[in-house]
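Heads up, there are several structures right after this.
Both of the next two complexes hold chain A, though its partner changes from chain B to chain C.
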Partner chain A sequence: MSMLEVRDLHVSYGAIHAVQGVSFDLNEGETVALIGSNGAGKSTILRTISGLEHAKSGSIKFQGSELTKMKAHKIVELGIAHVPEGRRVFPGMTVRENLLMGANLVKDKEKIRLTLEHVFEIFPRLKEREKQPAGTLSGGEQQMLALGRALMTDGSLLMLDEPSMGLAPIVVEDIFRVIKKINEAGTSILLIEQNAFLALQTADRAYVLETGKISMHGDAKDLLKDPRVKEAYLGA
Partner chain B sequence: MASILQYLVYGLQLGSVYALLALGYTMVYGIVRMLNVAHGDFLMIGAFGTYFISKLFTNMVVDGTYPVIAVVAIILIAMVLTGSIAVAVEAIAYRPLRNKPRMIALITAVGVSMFLENFPRALPFIGPNPRSFPTLFITEHFTVAGASVTNVQIIMIVFAIVTMTALYLVVNRTKIGSQMRAVSMDRDAALLMGVNVNQVISITFFVGGALAAVSGICYASAYPQVDVYMGSWLGNMSFVAAVLGGIGDIRGAMLGGFILGIAQILATAVNSTFGYAVGFIILIVILLVKPAGIMGKTTIEKV
Partner chain C sequence: MKKVKSLYPALMVVIMYVAIMVLKEVRILNGYYIQVLMFAGINVMMTASLNLVNGFTGQYCIGHAGFMSLGAYGAAVVTTLIFGGKSGVPLLLQTPVFLLGLFVGGCCAALVGALIGIPSLKLKGDYLAIVTLAFGEIVRALLRLIQPIGGARGMIGIPNYANIGWILFFVALTLYLLRNLIYSPFGRAFVAIRDNEIAADAMGINTTKYKIMSFCIAAFIAGVAGGLYAHVLSFIQPDSFSIAKSNDFLVYLYAGGAGSLTGSIVGAVLLTVIPEVLRFLADWRLAVYAVVLVIVMLYRSEGLCGGYELPFLKITRGSLYGIEEPKKKLSFKKKKDA
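Up next, the complex of A and B:
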């Protein structure tokens, strides 16, 4: 049984029909990528899964629970961590406060301490800047913080919205290395990327979105070689 | 010299009323980015609530005043009542408009304010006429360095400072406090951390309403008269206090409240018609010189 099951999802903003009948699955332990150009509806799908937007119709099932009618804060409780587009760290809080905010729903103090240590191990840079306000960090550091904060929620599915956006290539490499590590440690990942090459290299499977609809899907390796994908998204 | 000290005492007294009211203004603004113009009317509800609640306790009156336990009960009931009304106002009038342009919420707040002032005015048991506020505390006078001070003034000022310190610590040191700060910085991101945003906003309105009630009790104890419009101009003044201190900042609201209270008393001493105007002169000056307020800082944020 798949961990996340999206069926015939429709989402609109006023007159704009942003997501038009999208269906896809994600199995436990997988990394699945949604690729597609700007405005294809990728972010909207993630925001609807998290409960930040409401579906017009269709269903989203996570480990058997229906999410479309659920409040956002309840969805987090089920174990879905979402790193939103543009990082969205709390600028006036310190790095440490941001990370502890991630553990907002975790009751076990010892567990919070251990996860915090683990995050600092993955991102030693965050440890160095522990007391610094998040608003003063560089873009790359903010992305690390956003990832770390999502890890603190202790979810079993991590959704990443454009983790490479606006970052220097060397930082992007670092971030994607960490994403792979997180997946190897057992967390399932749903990844959105405009950088299709990067996404297909990281993911097990991928879906290609075009103006609100899925136009192709398959193993990431196969899509990487597919001439249509190459032409439209890989610039080759 | 003695008279300056005397003005200072009056100024601090009035300042604590402004500060308590400005706190609610500033907290609500901080968390929903909305000027709750009706906030001053919560003060009136608190004062009227106290007036009616104290009627229920009349059989406990001894020598024209209430025993301490009754006073504490009256104040607590008034705080809970006003806080609950504030929560209801948010849920009914503001929540449905939360994702609409800010101007819509502002206009709605003006409407709420008109309703809160005029609906009680139409109720037969409240009506348009001022009522005299019951004596909750027996006033005792002291003379300190030539200035006359009453126990009521001391209670008010100390209570205001203790409340504000407690609130500052709650916002900066506790879990609900960090949830409030998270919501104020980025509501969507707070939702993604599992923060129940509606609940946090309700709690903020409750605290704001309860503090407005205390502010109303303080004011009415000093100037023992209540009427349905009293919250309107006190609300305006506390708005000026919040902007002066830096809107959204708790320490700023407190500082702005005391500065404004002292300034108004001093101005009134010079010319009795000048008191209310000084608030707006301060507002104009602060907007020209330091629009972010005394404690407000331009936030540095890398994108």
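Up next, the complex of A and C:
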């Protein structure tokens, strides 16, 4: 059985039908990418899974529990960590406080301490900046912080919304290397990316979204070679 | 040594009280000055509680005087109508009755705070502001209609139980509780909501619950402050708690610095005292007051103490959620210090 099962999902903002009957699966341990252009409905799908938007119809099942009627904080408790678009850190808090904020649902203190150490291992830069207010970090560091904070929730599924947005190419490479590492350590990842090339290189499988519908899906490697994908998203 | 240090703020309050008493004895402070100081104290409580909602949780409440009026009326009903004022209770029981009144006043405000909070806190920003504004005016309009508490004429003969000692005590208590709340792991959730509500949601923080809680706590403190106000002035009327009053607190808050408890003290005390000091200017004093505000906003838009907190009004915890911070100072900090 798959870990995350989305079936015939519809989401609208007023008259705008942003997601029109999307279905996809994510198996435990996988990295799945949703790619597509601006306005294809990628972020909306993520926001609906994490309870920030409400589905009009359809179902989202995570390890057997139905998410569509659940509140956002309950969904985090189930083990879904969401890194929202545009590096939303808490600028007024220190890096450390930001990270610990991610662990606010974890009761076991020893576990929090270990996860914190683990996050600092993955992102040594955050350790250096531990006591600095998050608002003073560079864009790349803030993205690392947002990622680290999501790891602190100790979830089994990590959802990333455009982790490359607005970052220098060299920083993007770093971030994606870390994403791969996180996945290898056992966390399943649902990745949204406009940069289709990067996403397909990182993911195991991918779904292509066009104006609220899935137009193609398959192994990431195959999609990388697919002439239609190449033409539409890879610019070749 | 550390224990002694943590007692300094309490000691300061006692010293302040003794100083005021001495100054009163030697006739430097007359009754009028003392009353101004008492109002300044009440305004500090109002501003600090508003700070929890507007400054620390990032919501926008512009009807804070509504909570104050509920507290004032709640407390006055207990001490004056139920217990019959000063002549109705023996001397020994006056203090318990007074405290009971304040508590009831605070509870009235907190209850109504929760009631308007539950539907309205789904709103954000401007929309929330409009609802709180309407709330303040509804409370005022309703109080004018209730005849047993005097209607529009107001309530008279409220015993003057509150003195400068009580006010100092409650101001200190308010600041102590707010500080401990804001710097607790629990209170960090308020700041997280202010900093970024979507991220707070995504981190599993029940944002609605925390927003209502911040409203309730602020309303309770405002209610107690209102109760004190009634027992200083001995007279309250619905129109004392109009939108103009709510505006005063907003001005104190933003001139002092939202998100800083120090700012709430400085803003409220300074702006309560300045108009009194300027009384010799007669009608010009309001103009001067306004000019002072414009200058503050031009040169320090974050407020006089924005981003600054007195050491005893913040807790730099060695740990959050019981997780110790490293003992060693980090290198980049040293560089900054040098």
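Descriptive notes on the structure:
The rule is short, and it goes like this: the second predicted complex is superposed on the first by the 236 of 236 C-alpha atoms of A that agree within 3 Å, B and C clash if a C-alpha of one lies under 4 Å from a C-alpha of the other, contacts with A are read in each partner's own complex, and residues count from 1 in each chain.
Rule of thumb we're sticking to: contacts are C-beta pairs under 8 Å (C-beta built on N, C-alpha and C of every residue); 3 or more make two chains touch, one makes a residue touch a chain.
The structure presented is a predicted model; accordingly, all values stated were derived computationally and were not measured.
Steric overlap between chain B and chain C is present once the structures are superposed on chain A.
When the shared chain is aligned, no partner comes close enough to touch A:Thr31: not chain B, not chain C. By the document's definition of touching, neither partner reaches A:Thr202: not chain B, not chain C.
Of the two partner chains placed by the overlay, only chain C lies in contact with A:Lys109; chain B stays clear of it.
In the superposition on chain A, contact of A:Ser43 is made with neither chain B nor chain C. By the document's definition of touching, both partners, chain B and chain C, reach A:Gly92. In the superposed model, A:Met101 makes contact with both chain B and chain C. When the two structures are aligned on the shared chain, A:Thr136 is found in touch with chain B, with no touch to chain C. Contact with neither chain B nor chain C is seen for A:Thr187 once the two complexes are overlaid on the shared chain.
Across the two superposed structures, the residue set of chain A contacted by chain B and also by chain C is 50-52, 71-73, 76-77, 81-82, 84, 88-93, 97, 100-102, 104-105, 149-150, 153. Across the interface of their complex, chain C is touched by residues 50-52, 71-73, 76-77, 81-84, 88-93, 96-97, 100-105, 109, 112-113, 116, 128-132, 146, 149-150, 153 of chain A. Interface of chain C with chain A (complex): residues 185, 188-189, 191-192, 194-196, 198-207, 259, 320-323, 325-326, 330, 332-333. Taken in their complex, chain A has these residues touching chain B: 50-52, 71-73, 76-77, 81-82, 84, 86, 88-93, 97, 100-102, 104-105, 135-139, 142, 149-150, 153. Against chain A, in their complex, chain B makes its touches with residues 175, 178-179, 181-182, 185-186, 188-197, 299-303.
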